[in-house]
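Should a chain be cited, it is by its letter among A, B, C, D and E, assigned in written order, with residues numbered from 1 in that chain.
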Amino acid sequence: MFQAIDQIFVNLLRGFLGHLPEPIRPWAGLVISLGAILGTFGLLFGLTTVCERKAIARMQNRLGPNRVGPYGFLQFIADGIKSLTKEDIVPRSADKVVHFIAPLALLVPVVLTYLVLPFGRNMVVLDLDAGLLFYFAAGASTELAVFMAGWSSRNKYSLLGAMRAIAQMLSYELPFILSTIGVVMVTGSLSTVRIVEAQGPGDGWLAHWNVFTPWGFAAFFLFLIAAFAEANRSPFDLPEGESEIVAGYFLEYSGFKFALFFMAEYLGMFSSSALAVTLFLGGWTAPVSFLGFVPSWLWFFLKLGVLMALFIWVRGTTPRLRMDQLMDFAWKFMLPLALFLIPVVVLWDRVGRGWVGWVLCGPIVAAAYVWLGRALVGRRRIQLRTYRYASG
Amino acid sequence: MSPMIYFLSGVTLASAVAAMTLRNPVHCALALVVTFTGLAGIYLGLGAQFLGLAQVVVYVGAVAILLLFVLLVTRSGEAGDGDRERDRVAERSWWGWLIALLVGAVLAVGAWSAGQLPQRAAPPELPGVRDIGEALMTDFAMPLQVVGLLLTAAMIGGAIIALREDRMRVAAEREGRR
Amino acid sequence: METPQQIRDRIVGAVAGLQVECLPNGAPAGVPSLLVGRSCFREVAIFLRDDPQLRLDYCSNVTGVDWPERTEKFKVRRQVGEVEKDVEESRVIPGCLEVVYHLYSMSLKHGPLVIRVRTGDRSADVSVPSLTPVWRACELQEREVFDLFGVHFDGHPDLRRILMWDGFVDHPMRRDYVEPDDYDYEPTPHDHVLDRALARAKPGEAGCGSGAR
Amino acid sequence: MMVTQRSSDEWDRPAPVAGSYAFVVGDDPEDPGSLLEVSMGPQHPSTHGVFRMDVVLDGETVVKLKPVFGYLHRNHEKIAENISYLGSMPYTDRLDYFCSLTNNWAYALAVEKLAGISVPERAEYLRVILSELTRLQNHVCLAGFLAQDMGASGTPLMYGFREREKILDLFESLTGARMMCNYMRFGGCRCDTPPGWLDEARAVVDSFPRFLHEFENLLSSNEILMSRTQGIGVLGKDLAVGAGITGPCLRAAGVDYDIRKVDGYGIYPRFQFRVPLGEHGDTYDRYMMRILEMHESLGILKQALDGIPEGPIIDPKAKLRGFRPKAGESYGRIEAPKGELGFYLISDGSPSPYRYRVRPPSLVNLTVLEDLCVGHNVADTVIILGSIDIVLGEVDR
Amino acid sequence: MLGSGIIKGLAETGRNFVGSYFDPERMTTVEYPEQRLAPKENTRQFPFLVFDGEAALAGLRCVACQICEKECPPQCIYIEKSREKKPDHLGKPQFHPAIFDIDISVCMSCQICVEVCPFDAIKMDTEFELSTSDRFGGLLMHKDLLARPNSHFLKVHPTDAGVIDARRAEERARLEAKARLDSEAKAKEAPPAA
């Protein structure tokens, strides 16, 4: 029974494909899966925009959208219709072909990343041996699209935004990738499915999520921060910093193309959160074995939702960093810490992954964090100040 | 699989031609990106997962971006300057033809001789990522370390050069201000 | 702080031949002001800033006042024929532009001292020495006086119009300024944009040219 | 860097030395194409109105910055010289539209000095209460906008606006309008407080520290805010004094000069309050000056609300219609939330002023904008501008 | 430690998020077209002309003295006097406005016309939903649009209107008393003459 619910989507697809002739089965499976992914995450994108607006509004003591549909939850449909019917303006001096291709070039690699993410037990489109590598390869090509958008608009703000975006994405790619190395080392595989399976409860009752290790905890946050930066989310939303360079690389986009950028940003955010779930939060596995009756895909989306809430919460709180500080943070704090975690993983693996590992590795990671943090902040002498008052 | 290979080869070749002939350097670079991607697709189609994905990560994700950066940073003007430049290059185009001819000849000879060689049996299974990783960590551990060290040294050297220039400029600016 | 009269006496006593005059102020709580000659204006300003007793290091307010030429009527007792009676006479007071500075001291916390300087007339001889080299605070305010009154400040580092646009011709704060009846035909910095738009829309084609038809 | 000058010889009055200017970028033969000119504004999200900065950038570093004014110019002074003294009062509301009550007070002060009008006790207390409330709402908005300029997606701004709303409600129930209060008159105030108003004000003042605490939790110790503002846009003491900077920006530079203390206008000498001083003169100090000043303002408000006496609200001798002060001149200045706001009036005995001049703190504080911004990033210019706290209604008048 | 300030900030926004559901003091927003804040008594939007009695144009208190026209800072009032006089509430013959226009698009709600009016004839309304589809004509209010009964004045500014009504009633009473005294005196004087 539980099994049937858990595997409902897999069986549906298999049953449908059974009716098709043999040669086109893999292709049809790919197309149907892609369609399902786009549909699910498209809907999720719409709902997330509404939830984000409502949550941030509540954080700011406002009401947020509440007019369209029940509690305003259909607002995204109205927004979608609006952006579809808006005039598509292309600046006269823009490079029209590149300007047209850029949003698509941004969306396609983002969608490709979904191919290797396991959304549930047996629910992965391509179970590649080099799944993680595939993910990073697809993610690496988004920079190009951002460049195309910024350059082709022929707007100084766009160009500045594109330059910022590329510099930022390149810099954060390193900690993004390096923070996952520990997981790969411990699991011994680049396949996302293997990684998730390795984190399951196995024979015991408690799951072995990577986040519940000293290095995994640190790597999880490094990964998450890098994911914030990769997705251009506050506090790393410099490429589109509206108070400085107005809207950055998609300044000259309007109508549906703008919506595509918006969608690509959110899909990118989902996919990097999903990867974080896969690598550190045990993917579709339940935290404890007796909760295993809950469908695996539900676990996955639950964890995804928690991470999305974190994204929204941080966005509602923090101001934006400056470019050089952003770079400093990537190169002087995150990269050294990510590199430092690699030997720690080796140590963790050698001393037996138990409480000994915790006693040994925990303080080392904490010390590295404190020391690097102090080095980053201390050089700029950033501190709270006390003030004097005029006498008399 | 083979129609896919032909399609990808066609795209790769066409974009390679475009990369050479387009007038706008940024367009050339973007066409080059398509070439890289097509190449990666061919690798993947041939079952070389690691190579294909590494091609995308390295060439599309890094080299192409580097090219574009270089183009933007060094190029001074728009088309006006470029035309004169192109004329100057066109005068010496025979060099290019010569090199192209040589490369083509070598490739032709290679292809012809490959047909002459006795067919070796294909390996029972294509090496996967795991095999590559194991090979790198066991048999080729030393070369990997040396290459890593070399690249690190190069990176540090590059950083130092950039840093020095920057410092010199700051110092010059300070002088100027005084 | 000393009274303006005392300051005036001290300035004149320190350097002979400076033209400094103390002007009365009719307001109940008003302080008199010092009218300084143009030739020695900057010297006086530097003296006021650097004098250890005054230390007027803060120039709060700079503004212009327009005094158009006016006829003053007054009565004089004159011998007309045999009787002595009041005769109404008039005198023409030449117009000038005046620049007023309000000075305070931040270090000694006193003030204000009002100093003013006048141009020769309102059309040709309209320059006065700029005090921006003395107090940076005058920079934008002197630009404003230049823009709105047409006083020319010698030695100002960046004398441009500030509030009106560059192609604007008149000085709107002058008392004889007549505003144009139709603002649409004021020259604007965007004229060339309009010209280009008109040139593009050739007569006969669709566009602004044929819109009227 | 080259600056071209356009000669303008169509002037019938003396031609200015410098005409229009325009940056010509990329003409540096040694470094072709390295500079980028960006015109920030007048329609830029964070120039706080229709303000424009012509910025020359080397990469993202500001090499040169020229502020361009006048997009909101309406010649307030000329209008005032053509209407009665009373008629200018509602126009002063529109100068710094955040702080209409302090504008009212400065103008009333200048006219009272010009005509020698005294103000009754209760009106003086009300003026202090209103101007300190104005200071509170100006400073919370400033801090919110500053965080907004740093990209804080509106949260601090909304907290600020939430508190401002309560203060604006107070203004509305007393003066009839939320922003354009037009409340003060020569010799007092327009009307007495409605019943219960003082208690409402007390409630707002009492609940304000909770908000301040919340705000400080959110921002003042935030590492991102600190690293964005500390050491950015440092304003030296000498430059600040010489350039006539006033208000919190001046005190952030460490100069002890608060007109409430120096001039002691109104009944400020009766209240106990301290003047906070900064040490570094950077953006963080300017931000913190506002936070600390809000604490002091709350102290003044408590004292004033406790001490306010009963009595008349306006001097009976002050005339509303047909007001003609004797010939003379006066300069009235107050410590407005943004700095020294002064009104300079010359009367020639007619019903409208002969010369009417506003000394706008926002405009004069912009004198040092270029000095503060050169060498910093584009992102910093935005927050430096935000920390100077300008309102274009006052800059352009 | 690095990050503690941000965590503090996150706690604060989190508290506001939760608090916005429970603490009404945090939510100052009002959903405007459905919910409305009651206007404060002193609130002023745009002027209206007060009339007594039932007939709007006949009962206007305005005597076309044009003081408000002169004092209005943006000069948005235009008045033309009537030719003939008619008695006001005290029976004194007064002019009345033949034309009384206020350009709402120019008016800046400063209330100076109200302050200078010696006849309590012009007052500030609290109505603010004045949008029209005609930018020019629709915002020019003629006197028939501007006229509001005294009961409306009593509704929007009860304190102010109460004081004024009391004063006017007192004036009228005094006048009536005086008239009665006069007529009585006349009556007293009359018989001996007869």
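Assume a residue touches a chain if its C-beta (ideal position, glycine included) is under 8 Å from a C-beta of that chain, and two chains touch if they have at least 3 such contacts.
Nothing here was measured: the structure is a model prediction, and the numbers come from that model.
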### Shortest contact path, chain A to chain C, counted in steps
2
### Query
If every chain is reduced to the average of its C-alpha atoms, which one ends up farthest from chain C?
B
### Query
Hey, which chain is the most central one here, using CA centres?
D
### Task
Between A-B and A-E, flag the pair that has more C-beta pairs in contact.
A-B
### Query
Quick one: chain B and chain C, Cα centre-to-centre, how many Å?
68
### Query
How many angstrom between the C-alpha centroids of chain D and chain B?
58
### chain A-chain D separation of Cα centroids, rounded to whole Å
43
#### Entry: Centroid spacing, where centroids are CA-atom means, of chain D and chain E in whole angstrom
32
### Query
On chain C, where are the residues touching two or more other chains?
none
### For chain E, residues contacting two or more additional chains
2-3, 6, 9, 12-13, 16, 26, 28
### Query
For chain A, which residues are shared contacts with two or more other chains?
59-62, 316-318, 377
### Task
Please give the residue numbers of chain D that touch chain E in the complex, ascending.
83-84, 86-91, 93-94, 155, 159, 162, 165-166, 169, 172-177, 180, 182, 190-191, 194, 207, 214, 217-219, 221-226, 320-321
### Query
Tell me, which parts of chain D touch chain C in their complex?
6, 8, 10-14, 16-21, 69-70, 73, 75, 77-78, 113-116, 239, 241-246, 255, 257, 262, 325-331, 333, 340, 342, 344, 346-347, 354-355, 357, 359, 363-364, 366-368, 396-397
### Task
Under the touch definition given earlier, write down the residues of chain E that touch chain A in their complex.
1-3, 6, 9-10, 12-14, 16-17, 19-21, 26-29, 31
## Note on the structure
As the complex stands, chain A meets chain E at residues 55, 58-63, 66, 313-314, 316-318, 333, 369-370, 373-374, 376-377
### Task
Going by the contact rule at the top, pick out the chain A residues touching chain B in the complex.
95, 98, 128-130, 133-134, 136-138, 140-141, 143-144, 147-148, 151, 163, 166, 170, 173, 189-190
